[in-house]
Every structure is written in C-alpha cells, then in structure tokens.
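Note that chain A is present in both complexes that follow, paired respectively with chain B and with chain C.
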Partner chain A sequence: MAIIQTGVSEKLVAPWAEWAERYREGRRLLEAGTYALTEGAIAAGCRVFAGYPITPATDIAEYMSKRLPQVGGYYMQAEDELAGMHMCAGASLGGLKAMTATSGPGYTLMHDAYGWAITNEIPLVVVDAMRVGPISGITGAPGQGEFYVARYCSHGGNIETIVLSPNSVQESFWLTIDAFNLAERFRTVVTILTDQVISDMFEDLFLPRDYAELGGIVVPRRHNLTMPFYPLNSDAIDVPPNIVGKGTGICVSAYTHTEEGYDIEAMEAQWAQTYRLVNKIRHHREEILRYEAVGLEDAEVIAVAYGAASRTVKTGVLEARRRGVKAGFLRLISLWPFADELFERDARYLVCELNYDGQLVREVMRAAPDKRKVHFMGKSGELHTVAEVATALEGVARRGSIPELPYIWTEVR
Partner chain B sequence: MAGTETKEAPAKTRTEILISGFGGQGVIRMGQILGLCAINQGHRVTMLKSHGTETRGGYVRAQLVISPEYVDSPVVENADVFVAFSAPAYKRFHELCRGKILYDPEMVEEVRSDVPGRHVEVPATALAKERLGNVLFANMIMLGALTRLAGMDFEAMKRAMLAVIPRFHEENLKALDLGYQLDAVARRA
Partner chain C sequence: MNKLAQKYLRPSQIPTKACHGCGIGMIENWLLQAIDELGFKQEDVIFGTGIGCVGRQTFATWGGDNFGATHGRALAVATGLKIAQPDKKYLIVVGDGDAAAIGTSHLIHAARRNLGVTVICEDNMGYESTGGQFSPTTPAGYVTNSSPYGMAEPSFDPCDVVKAAGATFVAETTATQWHQTVKIVKKALQNDGFSFVHVRFPCNENFGAYALGTRDTLKNLEWIWEHTQGRTVDGKETDFTWETGIKHDASNSRPEFSKILRDMNERVRTKMTEKGSGDGGH
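Up next is the complex of A and B:
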C-alpha cells in the first residue's frame, strides 16, 4: 500500500510489489518494453527462444538473439510462428525454459501449438504484443483485440488459461519472471498480453545487479522422470514438468490420454483429463490474481482498464477526483482467469479499451451486480486522452452516461 | 472550469517534451539521450516513439515526460518544449506546445508570428554542414541548445550522449557545444 498525491489509497496486488523492495542494487536505464521483457525472461532462466519477427515484437527476437548465446541458451529464427511455438514446446519437453513472441497476425497462427502444449502440460511463455486490427491493421499503433483470443487460444474447449498483461517497461521485467514461474507451477502456457505502446515505449528501467541473486523468486525447472506423468483427476499444482528422451517412456499426444500420455478413447479418461486441465487453474485462482486499485473505498464510478490504456486512464481518474468526482481505478494484470471477485461492488463501471467492439467490457458486464451500470469507452489505434477519461467519468458519475466524444465508441450491444 | 484544470494539473509534477521531424534526423536518439540524462539525475522518464514504416524520410515523433514521480500518462498533451525538425511536424504539433518552440530554419521556413517570444531559431542543419561537414550532427546541435534553454546540466548531458552513441564521440561533443554556445540560445536561457 502506498499513498499518492491526491490522498487516495493505492494498492498493487502482485508478487513484484515485494520483489522490487527486496532488490535495490542494480542499474537504471532508459529502455524499451521489449528489452525489459527479454531481460525478464533471461533472469527467469529462459534458455530457448524460437519465433518469427513481427512488429512490434521483433525487438524481443533481436534482443534474444544477442542475449541467449551469452548465457548458454539457444536462439532459433523459425520459418513461421506455428513452427516457432512448436520448437519452444519441444525445448521445454527437453528440460529448458522457453519463450516465443509475436503480434496478433502471428498469434492466430499458434492455436494448434497452444492446444498441444496446454493439453500436454508443457510450461511455456508466449508474448503477444498487440497492435490495432483487424488483421494486420497498423503496425505502429496499439490495440487490445486479443483479450478473448488469448483466453480461447485453442479449439475444442475443456481448458483454462493464464494470461497476464503489463502496463510499464519496469513491470514488463518483473511480470515476465512471474509468467515463467506460473508456467512452471501450473505446467501450462502463460500468455503475456502486451501492446505496441508498452513494448515500444522507452521508460526508466531498474535491473537487479546479478540475476543469480534472484534465486529466491525464480521457480527453477524441475524434471519429472517417473509415473504418473499426467496426474488425472487431480487439481494439484507444483507438479514437476515432464521430460522426454531420458528413457521415461512418456508419450506426448494431441489426443485424450492416459497417465502415461498414450491415446485412449474412453470417457473416464476424457473426464479425468478435463477435470485436471480446468481445475488445476480454477481451484488456485488466488495464486494467479494480480491487479492494481486506486481509491475503490469511496468510488461511485470505477474506471477499468489494462495494459497501455490503463496509463492515461489512471491519470484521468486522478483528474476526475480533482474535479470532485468519486472515481476509482481498477487495473487488471491477470486477465484470465477473469477476476470476478473484483467486481462485486454495486458501483458504476467505466471500461476503457483499445478497440471499438468491446471485449473486456463483456466480462465486466457478466461479473458486475448490475450490467446496466457498466459503461464502455472504446478507442481504436491510440490511447484515450486524460481529458477524455476525466470527462467521461464526470458524465457517468453525474448523469449516468458518457457524453459524446469524437472517436470514442460506447455501444456494446 | 474543466478544460483549464486538465491542462494545468499535470504541470506541477511533470515536464513534457515533444520532438518531431523526419526519419533519419536522429529524433529518437535525441530523446534517448535527454531521457537517460534525466534518469541519471534521479528522475522518472517515459518516451513514446511513433514513426512510419520507412527507415528514412517518414514522420517521427518522440514524446518525453520527465517527472520526480512515476509517470502515469506517457502522452504529451501540453508540451513544455517542442523541437520541430520539419515543416509538417511544426504544422501538426505547434498548438500542443505552451512553452518554448525550438525549430530548425532550414526545415521550418515559416513560424507563427503571434508568439515570437516563444520561438527559438536553432540553425542546426546549416551549422552541422558548415562546421562539422555532415548533417547527421544536427540533432546534437539541437540537443545542446535544448540543454541550455531547459536549464539542464550540460556535463550530465555530455555523459548521457557518450553512453548512448557508440561512435563519433569527438564530433558529437563538438556539436553539443555548438548548440549550447549559440548566441540566440544563450540570450534566451
């Protein structure tokens, strides 16, 4: 908890709130989000990167190609995104932590690999630096179009997913370490949903002196060499990841499988596998929940955002408070599983997103007590301005609606 | 009431700097050095960079926010300083600026006449060609001028430049000095 200038409470619920206190010795740089993400991965013990370049994620591949050889790791320029993610899955099955990075147009190509990695409980980190769409959109403009795609990143249903989203260069560093930790602990793919602003932006970045000293916060790779490889009907986490190629006899299949991983067409196995894939995440939601909140205690209208959008939205909330509006701010860091518990207050919600179709707002409408009090403020291709957010909050608080603003969409249905 | 408050509220803790020109002029480099210098002096910094897909010739903009506190909004909505390296950049952004406007007269031939006191002519491109034999150094001449006008520590700026730029240190130091010592700049600092 920290108190900011306006005197409202500010709360960050994330492991790095404490990590940042613990590590004070290091360097202060002016660097981009892509740089911070790369360093976070290296610090977390990532030793394999395979991917295909795309703006605004190209710099991650470029930094990785330089950094990985320095730490005994491997960099592979793949022929496409699908191959890149499969290579990463293979590397992880071989016992190394791995990551790939892309943007929306490449992200959609990864769905097959996603399903395979999630079903076979392969720890991986995938970065999607979102740019505005549809399809290839504008390369140098931010978007938030993959909120649902990241949740439903594979066909066939019967899965839960973990998705995290940073909103600063510094947070990109800590959150990437956290993403690797969750991938190891839950034996699944953790998606980092960042965007063009946060990945391209330069910002002051603190890097700890020696990554070897981060041992206390990094979850190391462990190796499971014995049965059961897939603890069916179990929601246990912290199960060591499986390794192939050590005479274990494990099978890694796309089909419904047995505890050894062999294909089986039996409903008991189907139910047992689904139980595990869904509930190992659902039953440990509190281990995944990360968010930032400002002034919720007395808030009559709560602005909700994530990623780049949250930067101007937060300043807009503080500006609205200066204008006498009882406004609060809620920034989701863990996007999935969705944090229903944060929307129990019977307040008005103003959901600010970088898209016109409205994605996050639909989940807030579902989770909030009264969906008629959930308002949508969509912008496409650029950040909301502070003035726009403050004006919208004023309108919602005083008249129950957002005043007409150019290039702002408010329709959801 | 609302309009003016929004404009004035951020000024208390933050300084907003906008630099814009064509690709290849070193706009982003200039911002990087400026930002690193501020970080080295204990400030928090954000820099948004936007550009076209071209390596050279497209439009480029760097938006810097410098503050003793963590910067929430990285967007420059009311620039305290605006550096214009091209006529289109000047046209597009000069109204966002309420402080000093530094412009290169070789690129920006016409400026608003109603606010002459805020405009500072920095012949960076011409000086770079004449004195250093290469237009590439224009951005460092401009940065030297900006350092003086903004009252920043010149020695700290030199150190930041040396840390960011890998080559041509001697020429770049000379360029910084040329901008810093300009009469037009010294009079306005």
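Up next is the complex of A and C:
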C-alpha cells in the first residue's frame, strides 16, 4: 500500500500497477483518452478496426484509420454498428486481433454480434464511450447508463461477460492492452466501458518506447488447429482461439453447438455450452478483478464509483477525511463479473454514478451485508462536485443519510 | 451419396433436415459441380450461411471451414474474414430474408466495396422456416400466411439492387435450370470481386401450398419454369416473367476490396520507410 500526501493508504489492484514500473523508457505526451485507447490497442496487437462514427468515440476511428495501415492493419468503416462488430468478429475468426468503438446508440445495435461472438468464443474488444441518454441524449455530456446493458449485451441469457472501465487517459492505454489480453485468454468479448469525459479529455500520457518490447505483457494470438473447437462442460481458460481459413473444418454458427460446432437441438448440449460460457469466467474471477481503494482500513463510509465519476468522488473522499469523516474510496475497474467480495464489510456505502435511475447501486445493495446502509448519489449529465461528495459523506457518516442537494437523486426504489 | 457429396460434404451432416422436395439440396449439388469443375479443394473454399431455411439446411454440410452468421450478417462477417484470409474463395449461401430484407444494407455495401465473395441467394420467395410469410421477393398479390388477401407490397429484384451498388458479376437463375446455374456459378467464382447469383427455388410446404395451391414438387418447379419462359405449359401468357441468365458481367474489372486495403497499407508503409520512420512508431 502506497501512502499519498494525506496519509491515507492507497491500493491499485490491476496488472498495469506493475507494468508502469517495468516500462519507463518512452515518450510523454499531452493526449486524449481516445488517443490512448487507440495506442493501447495498437500496442496489444490489434490489426483490425471496423466501426461507425459516433460522438464521443469517433476519434478512436479516426486515429485507427491513420495508425492501422502504418502497422500493417486494416481500418474499415462499416455501414452500421451491426456490420462493424460482425466485421471485427470475422477478422478475429480469420486470425487478427480486432476492436470496435461506439457510444450508447451504436452499442445497442451491436447486441446481435455480441451474442454471436461470445457464444462462438471469438476474442474481441468493444469500446463504449458512454454519454447521457436515453437514445442520442446530449452527445457531449458523460453518462453511465450502460452498466447493466454491458453485462446483458445479448439476449437469451446463459452468458457471463467481462467489462472494464478506465478513469484516466494513462489508464485507458494500459487497460486496453489488458482488455485484449483477457479477450485472448478467455476467448470472449471484453467491453471497455468508458465515457465522454475520459474519452475526450487531454491528460499526461506516457507511451512505452517500442511496442515490440511489450512482449512480456501482451498475450499473442494463438490458433487452435484441432478438435475440440468448443470444449464443452469445461471452465478452462488460455485455450487458443479457433481460426477459420486454415482448413481445420471448424464450424461457427448462431446455434447451440457441439464440440465440432455443429448445430444441435438437445438440452444436454445446451447445458454443456452454458457451463462453458458461464463458468470459464465465474471460476476465474480472481484473474479479472481490478480495483482501486483508498483509506479502506478505517473507513466507516465508503464512496463507490467508476470511470469519470470516480475522479471527483476520490477528491471528495479526501476532502471528507480532512473534515474528520472516516471515509474510504472504492473504484471498480472490472465492473463485470461484479466484485461482490469488495462489499463484504458491514460499512455504509455511498454509490456515486452518472445516472438518475441507479444501476451500480443495485449491485452494491445486492452484495453488501445490509442494503439499508447503501446510499445512492446519482447525477446526470455532469460530474459530482467535490463539495457535493464531501457533504454527502459527512451526512451519511453523521446522520445516516444524504442531505438534500440540488441535482442529486438519492431514490433507488 | 453421390460422388460430389462424397468429395466435398460431411457425411455426418447430410442428408439435412430439409422438407420433402425442397430445392436447397439440389442447388447445393450444382454448386459442388461448379466447384469441382473449377478444380477447387475443400480447403480452398470458406462456406458461409445465414439464418432461415437456406442457412439451417446448408450450414456445416461443407467439408471445409463453415460459418453460419446471425440473420442477414453473413456478408459483414465475410468482410472481416476476407481481410484476414484474402486467398480463400468465399461461397456465401443465403436466403431471400438474409439478402433482400434484414441484411440488404450489408449486401449493398459489400457490392459497393467489390468484396471478393460469391453470394448465392437461394430464394424461396418468403419466410418459409417460420411458416410461410411474404418477403420482399414474394411476387406482389400472392397469398402467404401473412398476406392472406394477397401480398400488398411491391416486390423488388435483388439483382437490380446489387448491380446499381457496383457488383461486378450479377446473374439470375432458377432451380429448374441446372446447366445454366452451374455455368453461372463457375463464372461467379472466377470473378475476383463481388458476384451475386440469384436462384429461385420452390418451397412446397409453404409457398407452394398457400400461394400456388399445391405441395407437388414437380408442379411447383413447373410454375417457376413457366415464369422464366413467360408462357404456361398450355401456351398462355404468365402473369409476369423472370429474365434469367447473366445480367451484368464486369468480372475482374476493378480491384477487390481486401486488395485495395492491402495496396493502401503498402503505399503508407513504403512512404514511411522513405521518410525513415518505418518502425511503425506512433
């Protein structure tokens, strides 16, 4: 645990805590989150991007259109997001790492391809830069409305999903490499749930000198050339992805499949497929868990946030501590599978998110020992101010409730 | 099993679950004949399908690599695959729902890009696996299970659509024209670009039963044949005529999509090397 100026313990549980120590030679830039995401993808070996322009993810497409040809990759502008993600799935099936990026309205269109890619165990990375909604909403304002949509990104159930969320430009770089690694290791779609603030803002960005030197941290694409193509009733990870075009006789489809990939209408096959899709993720939760924690050891009230919201919330926690409140801070980086284990403490939780309906708070209520001690602090379209967070933490710590604040919603039911 | 099926298909996956008298198996046999006459092997061809009768009956029958996309998206998947595996031949076998309804935008843009695939649109003139509803290729006025008073919408010809979009090979044929179909598919596969082959075939269980009033395969085939000739067997004029044959042949006249991208990469990288920054650095 590192100690920051205020004397509070700080902890980052994520692979890049170590990566950042390992790679110190490079360039320091002032760049946007979209730029960092793009470079993270290139560094991770992404060689195909297919997408459709949408604010605030468009810059990723533009950066990709410039960068991919330079590294022997391919940029494709699809006719819609449905096509974009299917193109990426096709490219990944053909053996190339691929990514697409969008925002809410495009994200919902991708659900068709999500189910196909997840069921067929096709490694992919999808970026959703969330803005306030529903529908087009306000294109230049941040939102956190796809917390559940990213978990339930396909119909039909019987899947688990991996969703990560960065909260800085620098983290967008490392986290994107991490997302590609998890996609390869788990043979699934990894969603990066970022937002308008983290995508558009400019910050310090360190980029390692030569991406070829990242071999120690980048999981390369491997190819499974033999049966079984779909190991049923197995929770194994690090199984090489299948490849179409090498004459293995692989079959990939939208149907419930056998080990060969043949379509089958038998309940035993359905159960065996589900066991694999759900438990390869559930049984390896510890491989996916990423979070940041501040001052948890003595905290009586813990502020919980992710993405852009976590930036002012963290400062609000430090401010509350200066005011004498025993406040802690928990930032979820891996949103799904949900980190139930972080909410075992019988403390009060103040869940801050960028929506008025309350999404993350519902999972915290489910995971925490006493849901009456879980408080919701929703804000829509703009970040919580430090003062609002500090005042709310004081209220929760001293009176067990959030004082009435303009533009803050606290009702979940 | 016939010799072509033995050579190219998977014994475990045929015969399919197709209804009695369905034209899908017959057309697939003709595709195999074209592939065989061109000398392709199993590993040369990637076989892609969609959803519906055509997807369900043909998926995984091919002995080589297969994919069955979500409904309408076979061409989007094929676009990504072609980028990654440019040297393969792609046979994308889809129905009228896939090509002419839910996936038409992908069809149009694959044609515009001149993506190097051959699309075989096997058209049974409706959604037959869901019980026989009309589709955009059902002839106007015909009775189906969702047009009990006759199909009220006008239909369209997908060949016109892909030709307008820039397809480099476009042909129409039917399940009553064996030699013509084989000839057309061979030409389609020899185009290094976007080829579209529209093949009408009868559905006896639904379209035949409700639109034509018979489940008799031969009568339904005869109805299709009559409409390619513009005359019934008794010499009367038919209500409309399908012009079959090659409708547009600009094979190999413009660069294929994945090649365009590869050539662009080459230009970009050559320029970078000239500038002395060929390391691909940011």
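Worth pointing out:
Rule of thumb we're sticking to: the second predicted complex is superposed on the first by the 413 of 413 C-alpha atoms of A that agree within 3 Å, B and C clash if a C-alpha of one lies under 4 Å from a C-alpha of the other, contacts with A are read in each partner's own complex, and residues count from 1 in each chain.
The rule we apply is simple: a residue touches a chain if its C-beta (ideal position, glycine included) is under 8 Å from a C-beta of that chain, and two chains touch if they have at least 3 such contacts.
Only a predicted model underlies this, so the values are computations on that prediction, with no experimental measurement involved.
By the document's definition of touching, of the two partners only chain C reaches A:249; chain B does not.
Look at A:50: by the touch rule set out above, it reaches chain C but stays clear of chain B. Residue contacts after overlaying the shared chain place A:140 against chain B, while chain C stays out of touching range.
In the superposition on chain A, A:315 makes contact with chain B only, while chain C stays out of contact range. Of the two partner chains placed by superposition, only chain B is touched by A:383; chain C is not.
Residue contacts after overlaying the shared chain place A:87 against chain C, while chain B stays out of touching range. Shared-chain residue A:72: touches chain C; no touch with chain B.
Looking at the superposition, the partner that touches the larger set of chain A residues, chain B or chain C, turns out to be C.
In the superposition on chain A, no chain A position is in contact with chain B in one complex as well as with chain C in the other. The touching residues of chain A, counted against chain C in their complex, run 27, 39, 42, 48, 50, 67, 69-76, 78-80, 82-84, 86-96, 98, 112-113, 115-116, 207, 210-211, 244-255, 260-263. Interface residues of chain A facing chain B in the complex, by the touch rule stated above, are 5, 28-30, 139-140, 197, 200-204, 311-312, 314-316, 318-319, 322-323, 383, 385-387, 390-391, 394.
Only residues 1-3, 5-6, 9-10, 13, 31-32, 35-36, 39-40, 43-53, 69, 71-75, 77 of chain B touch chain A when the two sit together in their complex. On the chain C side of its complex with chain A, the touching residues are 10, 12-13, 42-43, 46, 49, 51, 56, 59-60, 63-71, 73, 76-85, 88, 105-106, 108-109, 261, 264-265, 268-269, 272, 279-282.
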